[in-house]
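Two complexes follow with chain A in common, the first pairing it with chain B and the second with chain C.
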Partner chain A sequence: MKQRNEQLPPGIRGFLIRMGQIDRRWIYLAVAVAIAAPMLTRLRFPEVPGRMAQATFNAIESIPPGSRVLIAYDFDPASAAELEPMANAVLHHCASKGHRIALMALWPLGKQLADDAIRDILLEYHPEKVEGVDYVQLGFKTGNEGVIKLMTTSIAEAYAADASGKPITQIPLLEGVRTIGDFQLIASISAGTPGAQQWVQYGDSAMPDAFKFVAGTTGVQSSQLLPYYPKQMEGMLIAIKGAAEYEMLVTEKYPVTRSADRLALGRERMGPQFVAHLLLIGLIVLGNISMLAARGWKGAAR
Partner chain B sequence: MLQRTIPLLILSASGLILILSYFSPITETWSEQVVSWFNILAGVAFVLGAGNLLAVNLEKISSKRPGWAYSAITLVSFGAMLVVGLSKWGAVPDAKHPDVHLAGSQDSTQAGYGWAYEYVLSPLTATMFALLAFYVASAAFRAFRAKNFEAILLLGTAFIILLVQIAAGAFLTNWIPEDSFFAFLRAESLKAIVTEVFQTAGMRAILIGIALGTAATSLRLILGIDRSALSKG
Partner chain C sequence: MSADRAQQSSGAPKSDTRLWIALLIFGAVGIFAGKLWRPGPLAEAYVEVVTETRVLAEVVPAPTSQGTSTNAQGSESLAPTSLEQENAPPTRLWVELDDPRLKSGELRRVEGVATEVWDERAKVDPKKAREQIAALESDAEKLSAPIDPTGLTREEFEVREAARMNALKVVESTRIVASPRDSIGIWIAALLTLGIFSFLVRDNPFYKVVESILIGVSAAYWMLVAFWSTLVPDLFAKLAPDLVRATMLPGLAPSEHPGKDFLLALIPLALGMMLLWRLAPRGAWIAVWPLAVVIGTFAGMRLTASIEADFMAQIAATMKPLVAYTSSSAEGAAAGSAFDLGGTLAGILGVVGVITVLVYFFFSLEHKGVVGKTARVGVWFLMITFGAAFGFTVMGRITLLVGRFDFLFNDWLGLSP
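On to the complex of A and B.
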């Protein structure tokens, strides 16, 4: 390798070495272009659903219509770009299948995100759904994993009323519901702690056969959750890629007649990710070529 | 007594009740009570957190330490959100109780709190998170260099994940027949090998280690061997 580098014309070698020391502002500019261009041109690529997205889809499909589903919005606006698309798709899937949905949040700002989802997904695509009967917003509750632990023995202890202040004893959807074991499926859309890992540790482990559990997670957090798939977690959506694959499955089976922009966010965001990943690969290759050129030069100097 | 013995008794009793509740239905209601206390304490912790935020930032401003202006902005923002949120400034009147201002909803952008959430907090937090893309690109360019065997492993894994997380991975490898010997080189197989074999094995080991450590620490706390959490003394 050293010999090969030494054979490089000095001009090319010098250029390669200089490229390795490129000012970081040029990299920032390249990233900005790589992300902005596909967003502006709405560049999209076909996605092939992976096993985890398919497993998540199957888990929600496998429970009978009318089943109770609990969706936990365990994230905040910082991760919304990554997690909102899958949260929207899960909500649309559950509503389309005819499940009765309870929404809650272990993160303070998760409640607002769940409110947005009710407005943009449930009321937009499923206007026939009735609050209290088909869906209920329980809101945020402080206590992190303590809330989950409490809900394994008594939901009423954790949530005396829904987010609007209505006692849960007066909510038809929650009639006969005592613990989270009375839900057929729980989905946690999670950006960290408390989130999917705590749902597995404190919820699923306390009543392993009572309900199916699926999770949507950021790419960063996915490594912490992978050990729980597929036994404790029947399905898992990882980052935008997982959201895009799942969106495809859901909208193919349950298409919407109105503008489906809110159910195509994942696929839309795969465009910038595609170009940004190629840029990253290019930068890494460039960095290594530059390093090899420099090593050869150093070797020759010695 | 007040600083150490009583807190130790509460801690030990709570810990034992929570352990017993897993094995005996009799103690289930006791554990509900303990977890309810925990949730109430967690709520009170928000107040403590706010107090701490005030103390730390006021101290920084009064001593004019570097960056004190940021502390001032933090406190002004904190105060503004607190006043707007608690007073329900601009709240949309409740349909059932239109005359009761505090019954109004502040979820929509008509209310001050909803407006600040939608147009200030959301974009700011999303922007902070989005900046990661720029730093990651710059760091990858400088750090992912094949200098030794470990670095080559890291580099190779990063390459695989970067490729298989986009459609290019499938595009480049879909020509490999699924039933051939080289099927493991297809994008979805490579991803499964990295994430479900190597990554999962590593994380399981770490998680088991954490669980054992947590159990040991919990036992030390419950039995009163480790009293560091109880007081400064």
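On to the complex of A and C.
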């Protein structure tokens, strides 16, 4: 390292070239600090709702109270940091509006996350809600997109009973519900396959005008799903940014008085996101300047 | 080459040492400062313990003289009671000890069956748990003092005293306790997280151990999921429902068409066994047939879905008006809606993007002249798309890191306010 530095030109150009050769682990440390500091100081920025978050909010808001809504927890703890905030907000929004909610999961661990949401959101902020009447937990069903396809013809064949083992014929919320077309809105909180794309391909396409469809997605998956908006998806929440915007819309209209932390997770996580993005942009600029400095120095040396 | 190696061998250890020292100092100072800032134990966990009690009860048969029967939910059915129904054993079910149907006589306890008692543990947020514990202690202290009878009639005193006793019973039955078991779980999760992070410094045995645990646990987990969510309910339960009910799923509902279910379940059983034939020393070709069924089924299913959702609907979505108005309908435009510059630009960009990218992927003509320039524009569109996708990926990955830090800072170190 010392030998290499001795060969570099003195002054600012040498410094810039040296910065381009920095050990990448210092960058990891800088990213850690950039994320930890705003978290510990609870740095937050105001959010301006984007078009897609507003469209998702409007879709849920536009159906009359008492409508049946199906929320699919198509993710697991690996992506919960990104998707749990929007799932919480969607659940709170539907419950506040007075919709009757059915929860299901195409991912095995999605069921546990839906259970947590029932405990932490539904029963915490809406203790008056009654299981079987206002909400029902259908649980996980194996079969990936096959489950969606089956539900377009018969929900009872996919889910003979809810997660607690009660036959769906005895659940008041599902009285008269034969297919997913009997729901007024379906929301898929999706981390991959099966998820939002499969709901569009096998659910929405089979019954194009039967229900409204909205999705919350991870950042990685979003570019794959963007072509479906707005024709096949009425609303879309993209990653933590979409969650933060939507959270703001929901909590402004339906505020909660106690332990509101679970409905502010998206906005809380946007603080570190902002600082980390600034750092990354700075590093990209610095890397390019360093490359140009090294190129100019080599050219001059020749 | 050899000079580079010499530099690496002489420079890398020093750089590593500095990094490890920086990390240790950063971590130690962080934890120390954090604990000064927000005192409290590490990996604090609480649970609410609710004691559940169930007794076995049976439905008391309703008098048959009136020709009606009463079910367990209390509703009456007018179905005539046959001799077979009269002779059938009464329906039994597990109910809570204070179930009102036991008091009303609709149900009666089955003698000789012990009461089942167990504790249900539900995780409680530490901050909320501390508040609730303080509130419960305060309530218990207040409620433990008897009501002062001064100025009260006997009836008023008795009503208030009964209410106090009931409230005290509720307070005493609510148990929010520290959970060492969950605390150990948090410690293990924190150490495993740090083990994965340690790879950022360099590959090391700690990381290897954690990586192996992750792979092993994931493999075992998926095997169990497949067994319990596919093999048991979709195969075994249809082939041998009584055996499955007796050994694995006591709540398995009886099938309406057991014979049909049995015959249909033989097909996946045969295909599954044929697939496993691949492991046999001879006749590996047999495994090709079930594979053909799987591939054929999925291809058929996906083809129709993709043609509709990803082809026809996408073409329709691309056909946008090049001049947009604030109201998307033609009537709105005719009625004098405002010109939408953003919508118009988005429409034009969409059409240009689709055409130029399609031209880039059109390889039957050499990319020269007009075709070459159009394809070049298509490349720019592709690059912008990849850049946006990368940006989304970065955002997603940072959020995952924030999620882990959130766990370390709040659940493990207890630094949340």
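FYI, the second predicted complex is superposed on the first by the 292 of 302 C-alpha atoms of A that agree within 3 Å, B and C clash if a C-alpha of one lies under 4 Å from a C-alpha of the other, contacts with A are read in each partner's own complex, and residues count from 1 in each chain.
To be clear about the criterion, a contact is a pair of C-beta atoms (placed from the backbone, for glycine too) under 8 Å apart; a residue touches a chain by one contact, two chains touch by 3 or more.
Computed from a predicted model, the values in this text were never measured in an experiment.
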Superposed partners chain B and chain C on chain A - clash or fit: clash
Chain B versus chain C as contact partner of A:Pro227, first or second or both or neither: both
Touched partner set for A:Leu43, first chain B, second chain C, both or neither: neither
Partner chain(s) touched by A:Thr142 [first = chain B, second = chain C, both, neither]: both
Partner chain in contact with A:Ala210 - chain B first, chain C second, else both or neither: neither
Touching partner for A:Met291 - first (chain B), second (chain C), both, neither: first
First (chain B), second (chain C), both or neither touched by A:Ala158: first
Touched partner set for A:Val200, first chain B, second chain C, both or neither: second
Partner chain(s) touched by A:Ala276 [first = chain B, second = chain C, both, neither]: both
Touched partner set for A:Pro167, first chain B, second chain C, both or neither: second
Against chain C, colliding segment of chain B, chosen among 24-32, 42-50, 168-176 or 186-194: 42-50
Doubly contacted chain A residues - partners chain C and chain B: 28, 31-32, 35, 78-81, 141-142, 146, 149, 219, 222-223, 227, 239, 241, 273, 276-277, 280
Of chain A, residues touching chain B in the complex: 22, 24, 27-28, 30-32, 35, 45-48, 50-51, 76-81, 109, 112, 115, 141-144, 146-147, 149-150, 153-154, 157-158, 206, 219, 222-224, 226-227, 229, 239, 241, 270, 273-274, 276-281, 283-284, 286-288, 291
Of all residues in chain A, those that touch chain C in their complex: 1-4, 23, 25-26, 28-29, 31-33, 35-36, 39-40, 42, 78-82, 108, 119, 140-142, 145-146, 149, 160-161, 165, 167, 200-202, 204-205, 218-220, 222-223, 227-228, 231-232, 238-241, 259, 269, 272-273, 276-277, 280
Chain A-facing residues of chain B, complex: 21-22, 28-29, 31-32, 35-36, 38-39, 42-43, 46, 107, 114, 117, 121-122, 125-126, 128-130, 133-134, 136-138, 140-142, 144-147, 155, 158-159, 162-163, 165-168, 170, 188, 191-192, 195-196, 199-200, 203-204, 207
Chain C - residues contacting chain A, complex: 3, 7, 10-11, 14-15, 19, 22-23, 26, 30, 34, 122, 125, 128, 200-201, 225-226, 229-230, 234, 251, 253, 301-302, 305-306, 308-310, 313-314, 316-317, 385, 388-389, 392-406, 409, 415, 417
